[in-house]
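Structure first, then comments.
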Amino acid sequence: MSSIGLIISFFIIVAGLLWLLIQSIRGQEADRRVIFLFMAIAVSVPLLFNISFSEKATLIVEDVYRKIENLPAGSKILLSYDYGPSMSPEVEPMSNAFLRHALVKGHKVYIMCLWATGQSLAATAVDSVIKREFPEKVYGIDYVNLGYKAGGTGVLNVILTDFRKMYLADVVGTNLDSMPMFQGIKSLKDMDLLISIGGGYPGVKEWILFASAPGNIPLAGGCAAVSAPLLYPYYPRQMIGLLGGIKGAAEYESELKKNHPQRFANMPVPGIKMMGPQTMAHLVVLAFIVIGNISYFISKRKGQ
Amino acid sequence: MEIFGTWVAAFLTLGIISFLYRDNPWYKVCESIFVGISAGYWFVTLFFDNILGLFWAGITREDPNYMLLVGAVLGVMMLLRLVPSIGWISRWPLSFVVGATAGFYLINYFSSNVMLQVSSTLLPLLSPGFGQPLFSSSLYDVVGNIIVAAGTFTGLVYFFFSKEHKGAFGHAAKIGIWTIMITFGASFGYTVMSRMSLLIGRMEFIFGNWLGMIR
Amino acid sequence: MTVTRKSKPFLTPIILVLVFLVFLSASLFAQETASGISVAPPANVVASDFNYDRGEQAEVRWKLSSDDNGSAGVIGYEIFRAGVGSEDFVSVGLALPGESYFLDKDVQKGVGYVYKVAALYSGGQSFSDVSNAVIPELEMINWNLLNLFIIGLLIAASVIYFISHAKKGRKLFIRKIAGLEAIDEAIGRATEMGRPILFIPGINDMDDVQTIAGITILGRVARMVADYDIKINMPVSRSIVMTTARETIKEAYAGAGRPDAYNDDMVRYVTDEQFGYVAAVDGIMVREKPATCFYLGAFFAESLILAETGNSIGAIQIAGTAQPAQLPFFVAACDYTLIGEELFAASAYLSNEPKQLGSLKGQDIGKSLAMIIIIIGVISATISRAWGGSFFIWLSEFVNKISTIQN
Amino acid sequence: MKRQVPLLITFTVGAVLILSTFFPPVETMGEDFSLYFDIIAVFAFFLGGGNLIRVNSDAIAKKKKGWGFSMVTMAGFFIMLAAGLLKLWNPGGIRGDVAGTGSMFQLLYDWIFNPLGATMYALLAFYVASASYRAFRAKNRDATILLVAAFIILLGRTPLGVYATSWIPESFSILQIPNLAIWIMSSPNLAGQRAIMIGIALGVVSMSLRLILGVERTYLGVDSE
């Protein structure tokens, strides 16, 4: 169904843009209602025929992907859910993508959160992603959920030197020492990669200043699009990479699909799905800017 | 019951979108409904939050805050505008509001905008680390710091009122307006995505919840 | 106005007694914990009144326990508080290993307190001696804000100086602001086409200085409009803005000698809801097709909806706001845009009164001050980071100190 | 009397609020005054609401053009007022929370208020497109810079941007569109925002002083003497 839809919609939009181009070459301005019509098509068609584009990862996302991909199997990755339900629709796709990638590479995943609301979101991720898609993974050996601890940067301060000072047990109360994956784990410094997801306070910035920098541990970030510009200055020196908004998640999902085609054949890709109409709309806006300038230059030359 | 709600919402959604084609009775109906309902909504919210929640509760609790009566007196004075003979008394609460706003904004904006923004621009241009070798920081940071400091400086120059934009001062102002233009272009382009997701949300409502065409 | 150091004659004897008592109990207490692998307690705990507050905060400082070296024993500190002379200590807070300061936020003014700090280790707590007594006091002046006060005073003085200095009628050069020069042309166009002028004062109430700026510009615009026979159409979304706008327009028409031409219906209330108001304004624009649209005040996401609808009816649009996020949309969609500061300068600029123009010169002094601080700060930071040199390091720190606000 | 007293009130209230930040005992005066404002605003709403009713009922009475729509507005206004103040269909009855689930107030909010607001907001997507088409034209140097900056950022948000410049070698990776976009957002964009914010703050200082000193008084409707 979606392939036919793809052809039809592409045909409509390309033909329309061509017609607009000819109009502009003749120096006629496109009527604003035509532009509105194009926007309506550009957004609703990909929704109806769920068209999506393979997103090629930008450097800031690819660095994170390469880091997790090249870590030796069994490396220890800490994933921190630092966001609430209102930001969840924008950052959940990326936190699930991180989980899938770490588990498919056989890494050990340590889940925790600095936001109280993160705890229930982490729990749903464990059920919907790990338990359903990776039944072979064993709790306490391959992954653990440490849950929420109040104190924000104070928590980071403590676990930077000793996990057990802050977390004596995991979220369900089992003692850390009874879990094989905690043998020899003394502090954050024993982690191979830290990932913080969330754009508020405490968030990625606090993880950089209070954990990654003092402990010299590599850190990757994930945040809502609106807070990405505030985190860009930390890349690349204090942060190996950053996923910004739905676009970052879509790029990561397409990398996962491209490099692990069989394992992730029918993996849900909310990021890529959402980016379908976004990309189409952006391309139409870009086309209008180009056409607008053409008709301007032609009318100026005609004017002279 | 829920179906009825979705149909009402769909009718209103399409009514508003029809304005894009041109002004029509369908849009006028939606507009008047929106104006009426929202005005009523705000009065009800203000009544429960401010009159009952803030004013009445503030007066009737154990250590009542009688200063709230000041607000009530000023409020009544504002209503006296309806009485033409002493309508001029309504200028008193107005000047109270303007005085309070001016005083509050002056200090607030000054400390948060001027002091904070200036102090965060004081970046070392070359090597950020203390005592590190001269060009240790990567080109990326050096250029970045220079642009931030120079851009802020020339931006301020552009906003100068009392000096002609000529000579060196004029060039600095020109660089300043260029920086500001880059800022406007960049933030316009950056917000396009968030505006699109609003429309995508409405389209999902129309095609999904209402027409059920989306899997 | 010097602050005399608070003398507490009656306290010294009490402290002496207390110290003796504490010494006695501490030594008893210490033996008790000898059994567990105890850690050394924190030493010389000092309590002091938090400076420059309303007497509701007290500070506690201590020397780290000798076993707090990040490896073994100490996993944190617990701070206890008791009234002066009483022994029932209550835990008021925790501190992390390596921290030696705690701010106790819920103390009462004028009540005496003593503190003691326990080093926590897996086996239990190792208590320090009891601190000195402290009575949180209210300080009249917040000296931390001295730099804010001085710089603020400097800029305010420059504004006031130029306002008063300007009275002597010396012509002051003020650069052209395109948006404001265009107002005459825009009003002329409205009179030619015989179509109304739409004035939108933003969607915030009179408790936003941008709305007040919009209303002051309305006063000038209404004065110009009063001379011609065209209507001002002003839908507003706040009731206080409605009454203020009516007052302003009525006075402008009276000032122009045409009090009869004014009627209250020029300004009408629509709704407080942001998008309900925008829907109604769009309707007015498309139906009454104003020749000129003014958007002057606080605008949020709806800025582009108004500007694009205004453009679709071919109106001249002059916008102005101090919301940085909305400026790109106004710059893109409107004919003229007053950028941030220019919105506030507009009423002075249009009034052409020497006093008002003087205040713009005062603003420039503020900008030059900011520019000087930036230059000195950046250069001193660069030199001090690259080559050191104690003067530059001191200068860089000094500039940073005067431009940051500790609270 | 009509002119001196208001100016005096503005001056004293403004000066008191400015100085109060420096004296802890009166530090929180700013918040108290905003409480008073909220109360004044509620009283003033009767003026606004009254005007809304007068204008619309006037249109209906005189059968002005579009008086039918005024009827709709009045109906909406009074229905919402009744639903809220009388708490119709509210499970908790007159004591219940005004927006209790199932109450008419909540239904009107979910079915009418919310979709209308969300759709008006969504119109922005259309207007962003038409504004981009119209405004980003290389008319002069400033407009060209505006255009180029917007174009790079927009391109950086699509896969096209990545493919277009992926051929640039690693050492010059800064020139690749997505990285260029990130750099623009973190350096020049930051500088421009700062200059504007500092300017705004100084504009507010000057405006507030003019208001407090009574130099600017048009808001009072008292033009220069």
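To keep things simple, chains are lettered A, B, C and D as they appear, and every chain counts its residues starting from 1.
Note that in this section a contact is a pair of C-beta atoms (placed from the backbone, for glycine too) under 8 Å apart; a residue touches a chain by one contact, two chains touch by 3 or more.
None of the values given here were measured: they were computed from a predicted structure.
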Chain pair, A-D or B-D, that carries the greater number of C-beta contacts: B-D
Cα-centroid distance, chain A relative to chain D, in whole angstrom: 30
Between chain B and chain D, centroid-to-centroid distance (C-alpha), Å: 4
Length of the line joining the C-alpha centres of chain B and chain C, rounded to whole Å: 15
For chain A paired with chain C, centre-to-centre distance based on mean C-alpha positions, whole Å: 34
Sequence positions of chain C contacting 2 or more other chains: 148, 152, 155, 207, 209, 212, 240, 243-244, 247, 270-273, 275-276, 279, 308, 327, 329, 331-332, 339-342, 345, 360, 363, 366-367, 370
Junction residues of chain B - those touching two or more other chains: 16, 19-20, 28, 30-31, 34-35, 37-39, 41-42, 46, 78, 81, 91, 94, 97-98, 100, 102, 105, 107, 109-110, 114, 118, 121, 140, 144, 149, 152-153, 156, 159, 180, 183-185, 187-188, 190-193, 196, 199
Shared interface positions of chain D, touching two or more other chains: 21, 34, 37, 40-41, 44-47, 49, 52, 113, 116-117, 120-121, 123-126, 128, 130, 132, 134, 136, 146-147, 150-151, 154, 157, 183, 185-186, 189, 193, 196-200, 202, 204-205, 207-209, 211, 219-221
Chain contact graph, described as a line, ring, star, complete graph or other shape: complete
Residue ranges of chain C touching chain A (in the complex, touch as defined): 70, 75-76, 96-98, 308, 312
Touching residues (chain side chain A, partner chain B) in the complex: 33, 36, 39, 43-44, 47-48, 50, 225-226, 229, 233, 236-237, 245-247, 274, 277-278, 281-282, 285
Contact footprint of chain D on chain C as seen in their complex: 52-54, 138-142, 145, 148-149, 152, 155-156, 159-160, 163, 205, 207, 209, 212-213, 215-216, 218-220, 223, 238-240, 242-244, 247-248, 250-252, 254-255, 265, 268-276, 278-279, 301-302, 304-305, 307-308, 311, 322, 324, 327, 329, 331-333, 339-345, 347-348, 351, 353, 355-356, 359-360, 362-363, 366-367, 370
Complex interface listing, chain D residues touching chain B: 2, 5-7, 9-18, 21, 30, 32-47, 49-50, 52, 66, 69-70, 72-81, 83-85, 98, 105, 107-126, 128, 132, 136, 141-143, 145-154, 157, 174, 183-202, 204-205, 207-209, 211-212, 219-221
Chain B residues within the chain C interface of the complex: 16, 19, 22-23, 27-28, 30-31, 34-35, 37-39, 41-42, 46, 78, 81, 90-91, 94, 97-98, 100-102, 105, 107, 109-111, 114-116, 118-119, 121-132, 134, 149, 152-153, 156-157, 159-165, 180, 183-185, 187-188, 191
